[in-house]
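Listed below are the structures to be examined.
Look at the two complexes coming up: chain A is in both, with chain B in one and chain C in the other.
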Partner chain A sequence: MQSSPIDKPAVVETTDAFLGPKQTLASVTAKIGDIVLTPLRKTPFGWPIGFVVAAIGLLVYLYSLVVLFTVGVGIWGINIPVAWGFDIINFVWWIGIGHAGTLISAILLLFRQDWRTSINRAAEAMTIFAVACAGIYPLIHTGRPWLDYWLLPYPGTLGMWPQFRSPLEWDVFAVSTYATVSVLFWFVGLVPDLASLRDRATNIWVKRFYGLLSLGWRGGARDWNRYEMASLILAGLSTPLVLSVHSIISFDFAVSQLPGWHVTVFPPYFVAGAVYCGFAMVINLLVPIRRWYGLHSLITMKHFDLMGQVMLASGLVVAYGYVSEMFYAWYSANIYEYFMIVNRTAGPYAWSYWALIIFNIVIPQLLWFKRFRTNIPILFLISICINIGMWFERWVIVVLSLHRDFLPSSWGSYTPSVWDWTTYISSFGLFFFLFFLFVRLLPMISMFEVRDLVHKMSGKHGAAPTGPSHGGEA
Partner chain B sequence: MAQIFDRRANTLVRLTLFVGVPLVLAILGGIWYLFGWSDWHRDVGVPVAQPGGGFNHQLHVGLKLDCRYCHNAVEVSSSANVPPTETCMGCHSQILTQSEKLAFVRESWETNTPIQWNRVHDLPKFVYFNHSLHVAKGVGCSTCHGNIAAMPVVAKSKALFMSWCLDCHRNPEQYVRPRDQIYNTAWTPPADQLAQGKKLVEEYRIRSADQLTNCAICHR
Partner chain C sequence: MFKRSAPSPAPEASGLYGVMAEFADADTLLAAASRTRDAGYTRIEAYTPIPIHGLDEAVGFRGTRLPWLIFAGGMTGASFMFGFQTWVNTVAYPMNIGGRPEFSWPAFIPVTFEGMVLLAAFCAVFGLFAACGLPRLHHPVFNAPRFDRASVDLFFLCVEAADPKFDEAATTRFLEGLGAQAVSRVDN
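Coming up: the complex of A and B.
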């Protein structure tokens, strides 16, 4: 496509609107739809390279899993007392990333925030792929993944139900509900766009592919009526999930008695952290995509500005969480809580606590300034810092709390093994493999919602609505 | 514009989504469920081959040999005990001393190598089971092992599902019997078993279902 660093000077950055100048209904559809319908050999060069790299990562991931299944969880660095290591850290980290997608697609829809339209599709895709990456960790950390169906309540020969009083069991339902609703919401939102692709495609097999997926969408009033109902219901279902899923994940820790876990601030603090690193990941994904595919007029500076503000707000809630943990340690007058804070700030893993503070709290304070929120390279770097910081947060919670609890005689240490690292880093392979497929096969920006935005804003910017009205042209 | 799909497409998609997919799931789930609950995959009723000619339980119980003559630890130990060759030779140094069928027993005795019997009831290693406790609390041999007196070659008579263990741990009155009937392989529950059982549960001071279904009762 026409995007490359060379034509960058021609790009007009819009900072005050959700759409660039001179957007019409037709230009929006063509811009987004053609990314998918362009033959493979004409896609931007970044795609095949990225796809192959991701596929190699996926193979490393599969190899790590095969080794894990044949040898067992002993290949990881976990042991008593640190029986939860990278597996749980990565699980919480990945699932947290997903929350931004749901927040953008559901909560911002209910609040009628127009700025979600250009980013919701990609963010929802990110949610689903992040949940997939996350869901694998608890399944494999059991050590005997072929018995994972024991987690489900089914009338089996054991003659008993799973332990419904355990938050680990609540996790099963929280995560599976989250995955189901996210996939449904995503797919329902895709249907009108799939119909547009069906109508724009020239190859009969491509037409059939999108035709089958678009469920016979015709763009009639009845179709739209049903679509609006369905998407509103699903938004209503997703909204509590943004809050509930990570609350329940925080219960995995908070319901126990371990110093550093047993804190009432955990649910809101986890949810804010999830939104925080989720938005950071959205920015990390959208910046390169926007550049490679030249989407500057659809994903504008105003989007980045607003996402920066959301990150700043949720980051401050997270900072409040850190402060309140310190406060509890002092105010409770509990020696174990107090020692937990001393151990975090001055113990053998103190470097990771201070890394967390720097990446998660200090650096993101730059987001107070619009100058940095609208500076793409700096915003991108801040987002990477937040993702690293949020990973360290889970590391601090999991490892630093476990390795020194009550009795000094049962203290220990934790060092991740090579396989811990490969199963973590190569899970990006799975994530990006899916994401590259998504970018290639599905419209990464909601075409009909942006067309709707063009229509709404046509008065302000004088863009003439000349293209076909939204929906299929069939 | 030409049609992409022909008339049948809608019906086909609906059939697939609403009939085909549920049907396939139901069939796979059904197979998995029935297989999981089947006695067949737990080898119930399949006689386990033993070294030599094996030990004929039918014959020996028919001769009024008490279970405890060979399984002598059943009242005092978690393991009922599989007897050593010496126990066999206690009788067979006097009886049937030249029998061909007992050649492997004599050989074991002469060479001082134990006979390697094959285990029939193989509980997983993470299950703690104590014979002496069950016998003391009124669980007879035949409740779990079936009528051994009718088995020339012993086979499992129960699939040993955990739900089967829990069935008794939840309601022991269904199965407990008077202490003098423990080793009676032909014992059948009386008509008023539940009433009798309730009395025995009290008499034996069998603990409540709450305690008996605690994970740590069996998984230690």
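Coming up: the complex of A and C.
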């Protein structure tokens, strides 16, 4: 049963369960744990290639930042009236991606959805790395990023304090709290798994590494009781937190008076959009990883089916948001609101609005059919479309609203520069660099939760697969 | 919460920490833990690779008070952040923006909420570690044979030497009668 992750998996697709057949406590622990404990030269070939490509991307990213810091934000395409460009689009896009991880780990935990078990760890990792990518943009867009600490309230010789009546200041607290709580929640989830790795590792240094990280976890009954209580409460705290974060980000726009931004539907519509593209990104990450590491018995077709359903539902909420924006423009009888919609649908950037509709609304309707939800290549392509569509959504909101506001004399246009593109594209370098490190160093599926699932399912079917005779190294 | 934490290893002159019984599955362990407690043992602890419902009660744990700590942390965080914003925007650095009131409390709610979540989460995580006595570099139970599988697929029950009813030979015999597949002595 010491199955090495590099073995070509005998692919048995499971469509009706969250676990493949014949799983035991030992087999799932070995399957997940050995991905991390396998020597580097035996990892699947996709890992080193992906890691190197991501590292090159990270270097491009760092170079873009160095140029930005030495020359200034003038290297970007932004100007008046479009003073927010790729920086804020990418910020909102990345942080939205992060929200799916919290949804899977916290909200589905509260609703006791067992299907989150196999995907929550990777999704939470995605959250943290996406928030890291997101958080950099507002910091670098300030122009003088070395003064970013002015955002924080601290008693200084300037005698100045932040303005707490501004959503931009709320953002500072929302995003930093979100990043901190996500890391804490993630680490708490990792502790029992790090203990499993400590106990399975054969190399003394690997054992010490995971031993230190696991803090000395022993799995005592009292500890498990406290652990489950703390996890449940953390989930209860994270759930309103994730809703608050994207609501506050939508306030950055909605609190202003600009047509296209000043809309009350923004908070729920932003949160739904965040979940939408976050789930798409989870699928984009899990499909190759599942294939490289042969995790077909842990991440089953049923997971993809359910994720497709979540995307469909949140996508419909997003579509409702677009319709309601149209309705407001008409019902308000306000010429500026009305013009905003005309400009979106027929103005100079109309192509981007229709791209948004096609990528975000039209193509994902395929998800109504189970045939497509359980077809990995098609689901993967739909997910990429949704990610592109959600990026266009933020582009439409930011650029199309800013470039033509009230007075035609102050209208302008926006063309992203080369540096806008490099800082955007290469931020994937940072994201994937961190993600590949995570896949290699930490268990990407929660081992103790999968064991718990195996245990629960064995009770249901009357079998007893928890016995030691079923596998694992004795 | 801290008082009721897992029994700490009482240093024994003999260097004996306790007796560890190994079980193949969760149900046998659960039954064994209840019977051990019924037999009058009080310093017992079970070690499992998965959380098992009812096992905490079976080893005599009356539940954690962690929620109260988290609640207190959340309330502290919320009141501190609300008071702080009020002080900043009314006393330390009042700003007149279009004649709006300086104490515009609805605008302070988002940051108040974030303060609550942040401090409550810190209390949850660090309170959990403190209550479990973590981090700790070593513990006598790791000396038990095959204990490395307590985090994989084996289930353990330990009767500690600090238990008033503990007697190495008698306790070993008792645990063997509960369906344990192995019983061994654990040294400090």
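The criterion applied here is as follows: the second predicted complex is superposed on the first by the 449 of 474 C-alpha atoms of A that agree within 3 Å, B and C clash if a C-alpha of one lies under 4 Å from a C-alpha of the other, contacts with A are read in each partner's own complex, and residues count from 1 in each chain.
Operating definition for what follows: a residue touches a chain if its C-beta (ideal position, glycine included) is under 8 Å from a C-beta of that chain, and two chains touch if they have at least 3 such contacts.
This structure is a prediction, so every number in the text was calculated from the model and none was measured.
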| item | value |
| --- | --- |
| Partner chain(s) touched by A:234 [first = chain B, second = chain C, both, neither] | second |
| Which superposed partner A:455 touches (first chain B, second chain C, both, neither) | second |
| Partner chain(s) touched by A:156 [first = chain B, second = chain C, both, neither] | first |
| Partner chain in contact with A:95 - chain B first, chain C second, else both or neither | neither |
| Dominant toucher of chain A (residue count), chain B or chain C | C |
| Which superposed partner A:216 touches (first chain B, second chain C, both, neither) | both |
| Contacts of A:204 with chain B and chain C, given as first, second, both or neither | first |
| Chain B versus chain C as contact partner of A:195, first or second or both or neither | second |
| Which of chain B and chain C A:399 touches, first, second, both or neither | neither |
| Overlapping contact positions on chain A, where the chain C interface meets the chain B interface | 159-160, 198, 212, 216 |
| Of chain B, residues touching chain A in the complex | 1, 4-5, 10, 13, 33, 36-37, 159, 161-167, 213 |
| Residue ranges of chain C in contact with chain A within the complex | 1, 4-6, 24-26, 33, 45-52, 55-56, 58-59, 61, 63-64, 66-67, 70, 74, 84-85, 88-89, 92-93, 95, 97, 100, 104, 107-108, 110-111, 113-115, 117-118, 120-122, 124-125, 127-129, 131-132, 134-139, 141-142, 148-154 |
| Touch list for chain A against partner chain C, complex | 24-26, 29, 153, 159-165, 167, 169-170, 173-174, 177, 180-181, 184-185, 187-188, 191-192, 195-196, 198-200, 212, 215-230, 233-234, 237-238, 240-241, 244, 248, 251, 448, 451-452, 455, 464, 466-468, 472 |
| Contact set on chain A toward chain B in their complex | 155-160, 198, 204, 207-208, 211-212, 216, 474 |
